[in-house]
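Pasting a structure below so you can have a look.
By letter and in written order, the chains are A, B and C; residue numbering begins at 1 in each of them.
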Amino acid sequence: MTCVSFLTDYGLADGFVAACHGVILRTVPTARIIDITHLVPPGDVRRAATVLVQTVGSLPRGVHLAVVDPGVGTARRAVALRAAGGDLVGPDNGLLIAAAERLGGVQAAVTLPVPAGTPATFHGRDVFAPAAAELAGGTELAALGAPLDPATLVRLPVPHARLRPDGVLEAEVLLVDTFGNVQLAAAGPLLADAGLRPPARVRLWAVVPDAGRSGGAPGDEAGDEAEGAGTDPVTRVTELAVGVTFASVQPGELVLYVDAAGMAALAVRDGDAARALAVAPADRLAICRVGDDA
Amino acid sequence: MTCVSFLTDYGLADGFVAACHGVILRTVPTARIIDITHLVPPGDVRRAATVLVQTVGSLPRGVHLAVVDPGVGTARRAVALRAAGGDLVGPDNGLLIAAAERLGGVQAAVTLPVPAGTPATFHGRDVFAPAAAELAGGTELAALGAPLDPATLVRLPVPHARLRPDGVLEAEVLLVDTFGNVQLAAAGPLLADAGLRPPARVRLWAVVPDAGRSGGAPGDEAGDEAEGAGTDPVTRVTELAVGVTFASVQPGELVLYVDAAGMAALAVRDGDAARALAVAPADRLAICRVGDDA
Amino acid sequence: MTCVSFLTDYGLADGFVAACHGVILRTVPTARIIDITHLVPPGDVRRAATVLVQTVGSLPRGVHLAVVDPGVGTARRAVALRAAGGDLVGPDNGLLIAAAERLGGVQAAVTLPVPAGTPATFHGRDVFAPAAAELAGGTELAALGAPLDPATLVRLPVPHARLRPDGVLEAEVLLVDTFGNVQLAAAGPLLADAGLRPPARVRLWAVVPDAGRSGGAPGDEAGDEAEGAGTDPVTRVTELAVGVTFASVQPGELVLYVDAAGMAALAVRDGDAARALAVAPADRLAICRVGDDA
């Protein structure tokens, strides 16, 4: 009984997801399909890739079908990848790579052919789901298409995260979840390296993206000089606690913690941190220990 | 392992969908249920019928359970239909017919009895899902209820689409999908008949529904005279390209194409055509080749 | 083939639900998972408990996994319960009790241990789903954790509903569903006891919650005196019919009926009663027969 995970931006109001389920089950009636999400904002490959990589580790070994594909019908390649821990199928736009690496790295890859006469707007149903079904049914990867060099696969930019020499952690917002929790691109160990462990209190501020990598703390003259970034258009500044879970702080308060995906994150207990902070994915934040910045 | 597809307007925030799944699986533990959608706007039988007919062709043979049923608990009939390609269960309000025809046409039909004491507001759980489960488990259609004459089944009005003698294609908006793509009631071949093939450019305008079937192109004197519709309250006029997929045009631009259901459709690349055009289902649009209308 | 039902406030836009599915299926590949809903408003334990209790009766015998858990990572207990009709797994915050009682009452209960090093924010994936999977796979309840006294389980307040001596039915709003139907905390028999059967007409008014249990009908001097509540800040007053289903009244009209969960409810035919009445869960309403209140 093979598992096929399935992630798209198709939404849940049309029959698109079901059509793909149907295509898979017509080929492999015993396949188990796990819907990861179909509510990726239209065309948001970055969010889709982030959700995928943070979910595959919990899924049974199998085939991972992901289709967020603004370039459907163009020359962008349709691909199937084999990793040590599973297969992946989707467009060659960076969506699959991080998950493939989480599953052990790409060992082989093929370009999926698009049969003549295939409608140009629904490769999920007509190209990707059939390929995923073939893999779920035991067809060899090599039988699905012409081999391609994994080094040529499209990659997304690496999100910004770094610990500055002055001890300030900079990271962009990677993802805002259903609860409004704000996941940063900084992995937990980077937070620890910055000395940001409970029960520290920290100062958080937003760096205007155009200001580049060297946003200084407000009033942080030494830091600014070290980085030569004294003119950073720093905006909001907030103080908050480092904790281990939402309830480490009082209702309505902000907390910095390492989330269940192992990433630094900001939450408001019983609230919505993204709204409270007015931040969105790709916004850049800076964090330092209170006392380290004066 | 029998498949049961399932479409409702129950939403996903309550336990209604799960209750029906439960009823099916208690009768047929091995049934596979494919949720088509449960986000049909409340009572929107027309949208439900459209999504159903455009999805069933991709699903495994089985039972199709669809419940969008504003008349639940009234004298409207509960029915089960047998088509060459599968069975359908739901209210007799036009929801199932198009799908039944897509599956080869209604060969037999029965009226499902409503047992005394059944709550009058949740026939999905209490009448339709049990019938679908029986069919999925192998019960004969005839055993489920009294036979009815398929000719008496309720039908929805046929959506307007026609190619006018002056070469203008008129069609109402059939469906707006998750992406804001605007599907017209005109099938692809009608588009071809109108000469609307890539790389033609076309003119698109909205005809106020009350103006009837003869909306003329703006400034289209000949056409207007031919149709006697010179006073049509034409509103927006837009020019756009005919393409094969979203990326046939530049980001933000409109494109007319044949969608994956084989219908004429309008999209904005990386955008929302329904919002850009300010159109909704049942609005009537007219399209002609640029050059044909002057 | 064991069924696991699954209810959370995780939403459908992230990979949280899928991660839990994955955890279950990695342990019990043949398990059938029925998603009840994942759109409980964040942290709304009361709504979650209501949806759960009204759905479990339609589900196959099995394990019911429910995670609405604002106290995740704190000292609140993680529990597994055994009832005559199935097992339940979730946080000890009142979410599971009503469903357990619907399934025959709690026969045994254990506290689930949280392994050292478990992230403090995703017990659904790391504590609850693994326990549900163990139960689905046949592990004995007692093997999952230390026994606890069911009498110590956290309970939610009982929602207010009573038939006053003056014949007025008071009940708070228990739940508003997808359609805007307003379910009251009063069970159907209480409605019958109040003489509120079709085709009676009734008067409905909102009692400001702070006014307590004795809201009098507007102009109901005798009732007010009997209850000593002549100063109740009564707000809206509406007259409506008692019926058996939505279509018992004309489109746009209100109807009082016994819903498919056996509870008194208010609906607007082809409309949204919660919006029409401007009521929300926990609001308190009073109802009496027209003619009984003058």
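Here, a residue touches a chain if its C-beta (ideal position, glycine included) is under 8 Å from a C-beta of that chain, and two chains touch if they have at least 3 such contacts.
Computed from a prediction, not measured in an experiment: that's the story for all the values here.
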Here chain A maps onto chain B under a C-alpha rotation whose angle in degrees, rounded to the nearest 5, is 120
How would the chain A/chain C interface be labelled, same or different, where same requires over half of its residue numbers to be shared?
different
Whole-Å gap separating chain A and chain C, where each centre is the average of the chain's CA atoms:
35
Which residue numbers or ranges of chain C touch two or more of the other chains?
12
Please name which positions on chain C make contact with chain A in the complex.
10-16, 18-23, 25-26, 29-30, 42-43, 70-74, 119-122, 125-126
Given the complex, residues on chain C that touch chain B span 1, 3, 5, 7, 12, 32, 34-40, 51-52, 54-55, 58-60, 177-179, 244-248, 257-260, 262, 270
